[in-house]
Structure formats: C-alpha cells, structure tokens
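Just below is one structure, and these are the notes that go with it.
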Amino acid sequence: MSSVPLFALVGAGLFCIGLYALIVYAHLLRKILAINVMGSGVFLVLATLADRTVNAAPDPVPHAMIITGIVVAVATTAFALVLMLKVAEKTGRAELPDERTG
Amino acid sequence: MQLFNLALGLLLLMTLGGGIWRALRGPSAADRMLSVQVFGTAAVAVLLLLAQAFGQAALRDVALAFALLAAVTAVAFVRRAWAEEVDCDPE
Amino acid sequence: MILSDYVAAVLLLVGVFFFLAGTVGLVRFPDVYTRLHALTKSDNVGLGFVVMGLAVEAESWFVVGKLLLIWMLVLLAGASVAHLIARGATQRGVRMWTD
Amino acid sequence: MDRLTLVLWIFDSVTGLGLLLLAGWALASPQLFRGIILFVAFSLMMSIAWVRIDAPDVALAEIAIGAGLTGALLLAALSRLGDSEPTQESMNRPIERSYRARTFRSLTASLLAAVAVALVFLILALPGDSEGLGAEVAASLDASGVSSPVTAVLLNFRGYDTLLELLVLLLALLGVWSLGGLPAQPVSPAVLVLDTLARILIPVLLLSSAYLLWAGTHAPGGAFQAGAVLGAAGVLLSLAGWQVRQRYTGVTLRLLLIAGPSLFLAFALYTIVAGQSLLEYPPQRAGVMIVLLEVAATLSIGTTLAALFVAEGPRNKEGQ
C-alpha cells in the first residue's frame, strides 16, 4: 500500500550520508550520530524488502530483525557514548588523535 | 472520508516543517526545543488521522507511545541540555 | 455522506486550522516566549478538535476513551514542558521582546 | 482511488525528503546541541515512515528507543562533555580548509555518490515481488502460542536472536560498568512542575508498558517496546532528580538485570534436555512460556536501559 521503492531509495541515501559524515567529521559524538543514521538507512531498505510480498501482509521476519537491530543500536550507542566521555576525560578532546600530528 | 483524512494528515506533516525550521534557525536553545513540542502534538495528530484512514487500530497505540516519549524527551532537553548551549547567540 | 461525517469534517478542519495558526506563530513571532505561547496553546486546542472529530466517527467507546487519554496526556505534557522551557529561558537570561 | 494514490505518494515523498534533509542537517550542524535536536526530529520522522511501510511494531520500537532513549542518552552525554571540554572552540572546530582536506572530502563524497548510485541500481533491479517467509510464519502461527506474527518470530521461531540480543544489552551495561561508570551528574534543584509531571506520567508509563506487553501477543507491541517504555519511566525518574535507595541497587538491581537472559537460558536448556532443538517449545505450553519470557525480558530490558542512562558504576554494600 505504500511507495515501496521510494523508502528503499531514501534508505540508500541515508546510508551514504551517514558514511560520509562518519569519515569526514572528527568529533566522536558526530561519528556516533552518523552510525545511527547509517543504521536507520539499512533498516529502511530491509523493511521495504519485507513489503514486496505478493499477498497483502508484509513479511514479519525482517520486521522482527529490525526491532532486534534497534535495541542493539541503542546498547552500542550507550556504550560508545561512555567510551567517548572517557576519551574526552583522558585527552581533553572528544576526538580521535590526528594521524598527521599525533 | 479516507482521502479527506489523509489530505489533512499531509497538511499537518507540512506544519512539522515549521518546527524543523525553528530548530535550524534558533536562535536560543529554548527555540530549538520547541521543535520537539511541535512533533509531540502534530505528529500525534498525523498518526491518529492515519489510524482512522486505514482502519489500523494499532496506530493509536503508536500515537500514545509518541505522546508519552515526546514528553520524556522534552524533559531531557530541559534538564540536561541547558548547561551546554550559549543562549542569545547573535543571528 | 451522513450527518456525522459532516460534523467530523468540520471539527477536523477547525483542528487543522489551529495547527496551522500555531505554526505561523512559531515561525513569525519575535521571541521565544511569544512563540511558545502561540505554539503550545493552539496546537493543544488543534489536537483537541482533531480528537473530537475522530471520536465522532470512532467505532467504539474504547477508542473514544483512548483518544481522550492521548489528548489529556499531550495537554499535561505540553503545558508542563512549556512552563519548563519558559522558566529555563528566563533563568538563562533570554530577553523578552519589547517594541 | 487515483487521487488517493497521489496524496499517499506526496505524503511519502515529503516524509522521505524530510528524512534525508534532517539527517544531513543533523550531521553537518555546526553546534552539537542543534545536531542532536535535529537527530531526535529525524528519529521521530522515521517512526512516521515505519507506519507507512506497514511496520507498526517497528514504529513503536523506534519511538520508544530510537527517539526517546537515544535522544536522552545523547543529551546526557553532551551535558557531561561540557565539563571536560575546555572551550566551545574545540567542539565546534571549523572544518579544515586546507587543500589536502578539501581534496579528501570531495574524493570521499564522489566515492560515496558512486556507492549511492550503485545501491539505487541494485534496489531497482530487485524483483518487485517475493514470496518472503510470511506464508511459512502464518502456517506455523497456531503452534507458536501467540497470534501476532512479529512476536512469534521474535520469541519463538527466532528466539535465539532475542536471547543474544538480551545478552548484548547486558554486555553493554557491563562494559559501561567495567569502565568505572561515570560520575553522578549534579542534581539540579527540584522543580515543582516537573515533580508533578513525573508523579502523573510515571504511573501512566508503567501502565502503558504493561499494556504494550499484553498487546504484544496479538497486536503490535511486545517485550522490547514495553521494556523501552519501562526504561523511559526510569529515565524520567532520574531526570526529575529522584534517586533509587541504596538497598535496591545491590542484589535487587542485579536480579532484575539478569531475569530475562537467565530465564531464556533456562528454557533453552530445558528444550535441549527434553530432546527438542534449541528453544523449540512444546506447542501446548508455548503460550505460557512466551508470556513468562516476555515479562522477564521486559523487566530486564527496562532496568538495563535505565541503568545505561544513569551510567554510574554499580554500588557495593560499602556504598562505594
């Protein structure tokens, strides 16, 4: 009932935006946000694939896997944030050391 | 009636744009928090309209969760964010 | 269309009008306090009208109850959060618009 | 019907475009606070997209976890970062303008544009319809003990996924604790309005959590959504400045944390000993077992998420 390919394309776009930000920005909080955006993109593609079924009801297995994925994402985000705070505490900056200077 | 509900939902989706514009523009932290307020009301209305249009009762539960969690997020903004942002930064 | 359809349509339209008015206020008003005032009040009223419009056409009393519960929650949370934001802004020295 | 399709198409396009713009703005925002606000708006928009892709279960999980808890976690981290960060400057360091940095950025951008184009072609090349596993799930739904297909997949057909997921959550918390946790945040002065709001909202959150747990057996909802709402209640308590009594943060806390995973492991052992394959419940008892598992999992998920938000190390008897 929905524009299925549209959201899959949005998902691909989100994945690439997130990956770009993950590579380009130095601040760790931004990197954590970027990973979350990438994850959302992957989930969108997965969910639209679940909606290709011939009969009306969407495939429940990818939906269950996405819910699992969302919970794992929040767990890793929480852990990554604590790691970031520890890095900031040790070095005074919430960034990974620059390879050219450090 | 279905078409009417969906068209109204689309209009409300556009009002979310106003909230996002305010979040982008600021200028103060308080202004940016208003966008969460907009989502907490307008998106709830969108979900309720969709629930009616498609006859999906489950979307009302989604709207209920939305209302509750938007409130918790807004409280988190007020209580945790204010140490951070410099208010009144010039436009 | 039967009578209840017309009643529901009018209520929904009024609700959406309040939402649009709130958004205009959010975008156009000069400082955070006036924006807060425009947004919170008219959006909560708007949601109230939308809920009433949907309740007219609801299939059971259980649904009506759930719709009202959602509206009550949004009212409660909206009012409290608006107070907290305004209070925080005052304490942080966001000045009011005077002209 | 035709006009209906058009309105839906516009609705979806606006949502999709909004998602892309919000993600871009959130990540490129010069101030981190603005970035987090936009990210929360992005997550809330995602839940509208989930509703449109026929995934109300995922929409519930996204709202409770993606928007609510992740947003609160990010904000708490940002406010803690404020203390250790010497100046605003280093956080909002302007992007380097050197020739080398610019070349690097444009190379990355063009490479990722190529990846995006390739992904788009792959997605469009997929067959428009597929059998999926929906039919098989529907065929064995009677034997699963619940009538909601997503819950059946999560707790019965792919129960091992859920077991491992509970362990991942627990491991994340153990990771935080073994890093020594974080210093407690200064308690802001109590605000009467917030206190009242918490007193009203927390019972409603608990009730909604129980409702979602109950609904999960036949409709969208279930242990994860219920657990996340429970966790949100804990987050709200902590934000309102309430503290858990010392005597509950010892054994009681640990028992709550491991209730879900250990019951799961016990059932896994039981099914193996009873001569079936891992987590293959006997059909006549599957319903009861799933409800027990869901209750335990909800408690554990909620407690773990709230503990991850508070993120202080565990306190021992000595009050350390």
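When the chains are written out, they are named A, B, C and D in that same order, and each has its own residue count from 1.
Please note the rule applied: contacts are C-beta pairs under 8 Å (C-beta built on N, C-alpha and C of every residue); 3 or more make two chains touch, one makes a residue touch a chain.
Computed from a predicted model, the values in this text were never measured in an experiment.
The highest number of C-beta contact pairs joins the chains A-D.
If you average the Cα atoms of chain B and of chain D, the two centres end up 19 Å apart.
Here the CA centre of chain A is 33 Å from the CA centre of chain C.
Chain C and chain D have centres, each the mean of its CA atoms, that are 28 Å apart. Here the spacing of chain B and chain C, counted between their Cα centres, is 11 Å. Multi-chain contact residues of chain A (touching two or more other chains): 1.
Looking at chain D, residues 8, 32, 36, 78, 194, 197, 201, 204 sit in touch with two or more other chains.
Across the assembly, chain B contributes 19, 29, 33, 57, 64, 68, 70-71, 75, 78 as residues in contact with two or more other chains. Contacts between chains, counted with the stated touch criterion, involve the pairs A-D, B-C, B-D, C-D. Taken in their complex, chain C has these residues touching chain B: 1, 5, 8-9, 12-13, 15-16, 19-20, 22-24, 26-27, 32, 35-36, 39-40, 43-44, 46-47, 50-51, 54, 57, 63, 66-67, 69-70, 73-74, 76-78, 80-82, 84-86, 88-89, 92-95.
Within the complex, the chain D residues that touch chain B are 3-4, 7-8, 10-11, 14-15, 18, 22, 25, 31-34, 36-38, 40-41, 44-45, 47-48, 51, 56, 59-60, 63-64, 67-68, 71-72, 75-76, 78-79, 82, 88, 185, 188, 194, 197, 201, 204-205, 208, 211-212, 215, 219-221, 225, 229, 232, 235-236, 239-240. Listing the residues of chain C that touch chain D in their complex gives 73, 76-77, 80, 83-84, 87. Interface residues of chain D, counted against chain A in their complex, comprise 8-9, 12-13, 16, 19-20, 23-24, 26-28, 32, 35-36, 39, 42-43, 46, 49-50, 52-55, 57-58, 61-62, 65-66, 69-70, 73-74, 77-78, 80-81, 84-86, 90-91, 93, 95, 104-105, 108-109, 112-113, 115-116, 119-120, 123-124, 126-135, 137-138, 149-150, 152-154, 157-158, 161-162, 165, 168-169, 171-173, 175-176, 179, 181-182, 222, 224, 228, 301, 305, 308-309, 311. Touching chain D in their complex are the following residues of chain B: 2-3, 6-7, 9-10, 13-14, 16-17, 19-20, 23-24, 26, 29, 32-33, 35-36, 39, 43, 46-47, 50, 56-59, 61-62, 64-66, 68-73, 75-81, 83-86.
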